[in-house]
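Labels for the chains are A, B and C, by order of writing; each one numbers its residues from 1.
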Amino acid sequence: MTQTAKTQDISSQHYNFAYLDEQTKRMIRRAILKGIAVPGYQVPFAAREMPMPYGWGTGGVQVTAAVIGKQDCLKMIDQGSDDTTNAVALRTFFVKTTGVETTTKTKEASIIQTRHRIPEEALTENQVLVYQVPIPEPLRFLEPRETETRKMHALEEYGLMHVKLYEDIAKYGHIATAYAYPVMVQDRYVMDPSPTPKFDNPKMDQMEALQLFGAGREKRIYAIPPHTKVVSLDFEDHPFEVNQFEEPCAICGAEGAYLDEVILDDHGKRMFVCSDSDFCEDRRAAGHVGHLGTNPLEAEGND
Amino acid sequence: MSNTPKTKILVSDLAKTFTMHLQDGLEIPVVSGVNFSVASGECVVLGGPSGSGKSSILKMIYANYRCQKGQILITDQDEIINVAQATPRRIIRLRENTIGYVSQFLRAIPRVPALTLVAEPLIAQGVAEEEALARAGKLLARLNVPQRLWQLPPATFSGGEQQRVNIARGFIAHYPILLLDEPTASLDAANRAVVVELVEEKKEQGVAMVGILHDHDVRDAIADRIVDVTSFASAA
Amino acid sequence: MSAVNQGTEDLPLLQVSNTTKLYGGRIGCKDVSFDLYPGEVLAIVGESGSGKTTLLNCLATRLTPTSGSVSYRNRMDQMRNLYEMSEAERRMLMRTDWGFVHQHPADGLRMTVSAGANVGERLMAVGARNYGNIRDTATDWLGRVEIAEDRIDDDPRAFSGGMRQRLQIARNLVTSPRLIFMDEPTGGLDVSVQARLLDLLRGLVADLGLSVIIVTHDLAVARLLSHRILVMRHGHVIESGLTDQVLDDPQQSYTQLLVSSILQP
C-alpha cells in the first residue's frame, strides 16, 4: 500500500487522472451512456491513441479510464488470470495513472477489466465488468461491408448470423464456434461478446453487474445494462451448449468451472486447471484439493 | 355481315405493309382489303403464288405480324376479340386456349426432348403431365416418328422428322381455331395421309382452320373453300 | 411457357409509370411505363448503354428513380408504391417475395460459405431455425437446379460458372418469390451451358408461375423465355409488344437493325 501511495505522487505530477484528459473521458462516458440506453448497439466513439499497441486492450482501457474513480478497486484479468502479461501491464498502467487500489479478488473489485473471460464468481450490482474487444462486429465474418452490417443491425436482418452457425454444423456436425459466440441482447441486437469462451455466455444473461465493451482499434463501445436478457443464438435441433470438461480442476477439484489445459512435460502429460486463478485460489484456501492439487500448494509452502 | 354464331374468324379490310427502315424507309405493300370468314368445322385454304402474302395473313391472324388496317375478329367462347387490337396479354391467352398454329419449321428448344415438346401445349391447357406425355407418344407414333427419338431434343433430327414433331405439337391440343402453314411441305405420302386424317378429325370437332398448302393432293383433300389471295394484292 | 390462370391474374403485379432516372443531365431511362402481370415474363432488350440495367435497378429498388412511380401488389393484395415503403419493408420484399439474379454470380452469392448455406440464408433470414429442415430444403433446391447433392457443403468458388449461376437461382427461389429480376443471367456462359440454364429457367418459370423481368442483349434468350418485350434505346422504350411479334415484325428502325444483326449459326 505504501508503494501505491508513492506512485500516486509521481502520477499526479505527470498524468491527468486515468491518463485521458477530462474532455475525452466525457466523450467516452457519453458513448457508454448511449450504449447502456440501447443494449447491444455498437456506439462509435473517437478512440484515442493509447500508450500501448492495439490488441493490448486499448478499448477496454479507455472505457475503464472513463468510469474509474479514486475510490474504485480495480481487478485486471487476462484469460482468467491476474498474473499474465496483459493483466500485469494494464494493472501497472492504472496504478501509475490513477493510484487506485487494485486486487485479485473478484469479490473486492468494483471494476473488473477482462480479456476473454468472465469470473466464475457471480458479479453483483456494485460491480462493472469491462471487456476488451478486438472485433466488435459479429456479422463481419460473412459481410465485410460496414455500411451493410450497420444497415442489417438497424433493420434487424440477422439471417446471416445463423448462416455462420449453419456452416459450423455442416462442417463439423455441431456448432463449433467455441468463443466469441454471438448473442441476441434484449431481443433486439446481435452482439459479439468478445472472444470469451461460449462457456461464459450464460453468465451474461440477467447479470447483476453492468457490462461494458470497448474496442479501441475499431472505435466502438457497447454495453449490457444489469438484468438484461442475453440469449446465445442456436438452432432448434442444435441447441446452444456450453463446453463440458471431462475431469475436474487438477488443483482445486472444481467441477463446472472453465478449465485451461496445461502441458506438464514433453511426453504428453497434461492437466486441466481453473482458468479463473482467483476462483481456484479461493477454493484451495477453503480446503478443496484436486488430484494434483497437493503438489503446487506444498511447493508454495516450501518456498 | 354473316356474323352467325358458327363464324369463328372474320377478317375484314385487312392491310399489311412492311416499312424497311434499313433501306431508306422502303415501303413494301403486302396485302390490302383482305376479306374472308371461316366457320366452325370449315377449312379455308389460301391460294396464290409465293409472295402473294398468304403467310403474312396467317401470321396476322396469329398476331405474329401486326397489321396497318382492318379487323381480325375471332370468337373466343362467348367473346368476340379483335386480334388486330388485342393486348399482348389477351393474345397470349388466345394462343394458349383458342388459336393453334402449325408452322413450316420447328423452333427447337435446347435440351427439351421431342416428347415433352409435343406434350407442352396440352400441359399448358391444364392436362396432367402423365396423360399429356401419353397422348404425345400416341400422336408421334401415328406420324411414324420412331420411338427411339422421342427422348431426344429434335434439333438434330432430319427436316421431315422435325416437321412431324411440329405437326404433332400443333395438332395435339384442342384449339377452336387452327392455322396451318404448309404442314405437309416435306412429308412423304404416308405421313401426308396422316395429316389429312388429323385435319378431318379437327373438322369433326368443329375446328375452324385456315391453311396454306402447296401440295395439290392434300389441298384437294381438305379444303372446303379456297380464297385467292391475289385478289388482295396491294394496289401499290 | 404458360401463364397462370384465374384469380388476381387480371390485376397487375407491378405497375411502372413514367419511371425516369437521370444521371445529372444525362438520361439513364426516361418515362418508362408498363404493367407486369402474374406469370408473365418480360424481356428488356437493347444494346449496352441503352438504359436497360438502369431501368431494372429502378424497378428492383436498387436505384432510386428521379421521378415516376413503381407499385407492387404485395401478398396482402395491396398495391404499394415501392418508394413510399420504408427501407426495412423494401429489403424484406427483396429477400422474400422477390429475387434478383445477377449476371456475375459472385455478386449474388456468398462465395465463402457453402452451397447449402447460400440456399438456406433466405430461409434463416425469415426465421427458419431448424437446421435439419433448412438442409433438407437446400438439398431439394440443389436437386432442382441440377447440382449434385454431395456438393452441398462445397463453397461456390469450387463451382463452374454455370453451376454458380444455377446456385444463384436456387438461392433466390427458395422462399417462393413471385417476382424475379434477372440481369443478363446467361451472359458470359458458353453456349451449351447457356442452353442448359435457359432450359432450367424456362421450366422453373412455368412450374412456379413466376413473373420475371429479364434484361438481356441476346434476342434469342428473349424469344425463348419471354412473353413480352421492351426495346430500349438511349434510355427510352422505343418499341414494345408480344415477343415474337416484335422480333418477327419489328416496326422501328432501331429494332429492325437489332433483329437483322443477329448471327445465324
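As a convention for this text, a contact is a pair of C-beta atoms (placed from the backbone, for glycine too) under 8 Å apart; a residue touches a chain by one contact, two chains touch by 3 or more.
Please read these numbers as outputs of a predicted model, since none were measured by experiment.
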Core chain by centroid distance, with centroids computed from Cα atoms only: C
Taking each chain's C-alpha mean as its centre, the one farthest from chain C: A
Averaged-CA centre spacing for the pair chain C and chain A, given as whole angstrom: 47
Whole-Å separation of chain centres (CA-atom averages), chain A against chain B: 78
Chain B-chain C separation of Cα centroids, rounded to whole Å: 32
Residue ranges of chain B in contact with chain C within the complex: 18-22, 59, 63-66, 88-89, 91-93, 96, 109-112, 123-124, 126
Parts of chain C lying in touch with chain A, wherever the complex brings them together: 87-88, 91, 95, 110, 112-114, 116-117, 120-126, 129-132, 134-135, 152-153
Chain A to chain C touching residues, read off their complex: 142, 151, 155, 157-160, 162-163, 166-167, 169-171, 234-238
Residue ranges of chain C touching chain B (in the complex, touch as defined): 1-3, 5, 37, 40, 195-196, 198-199, 202, 224, 227-228, 241-242, 244-245, 248-249, 251-253, 256-257, 260
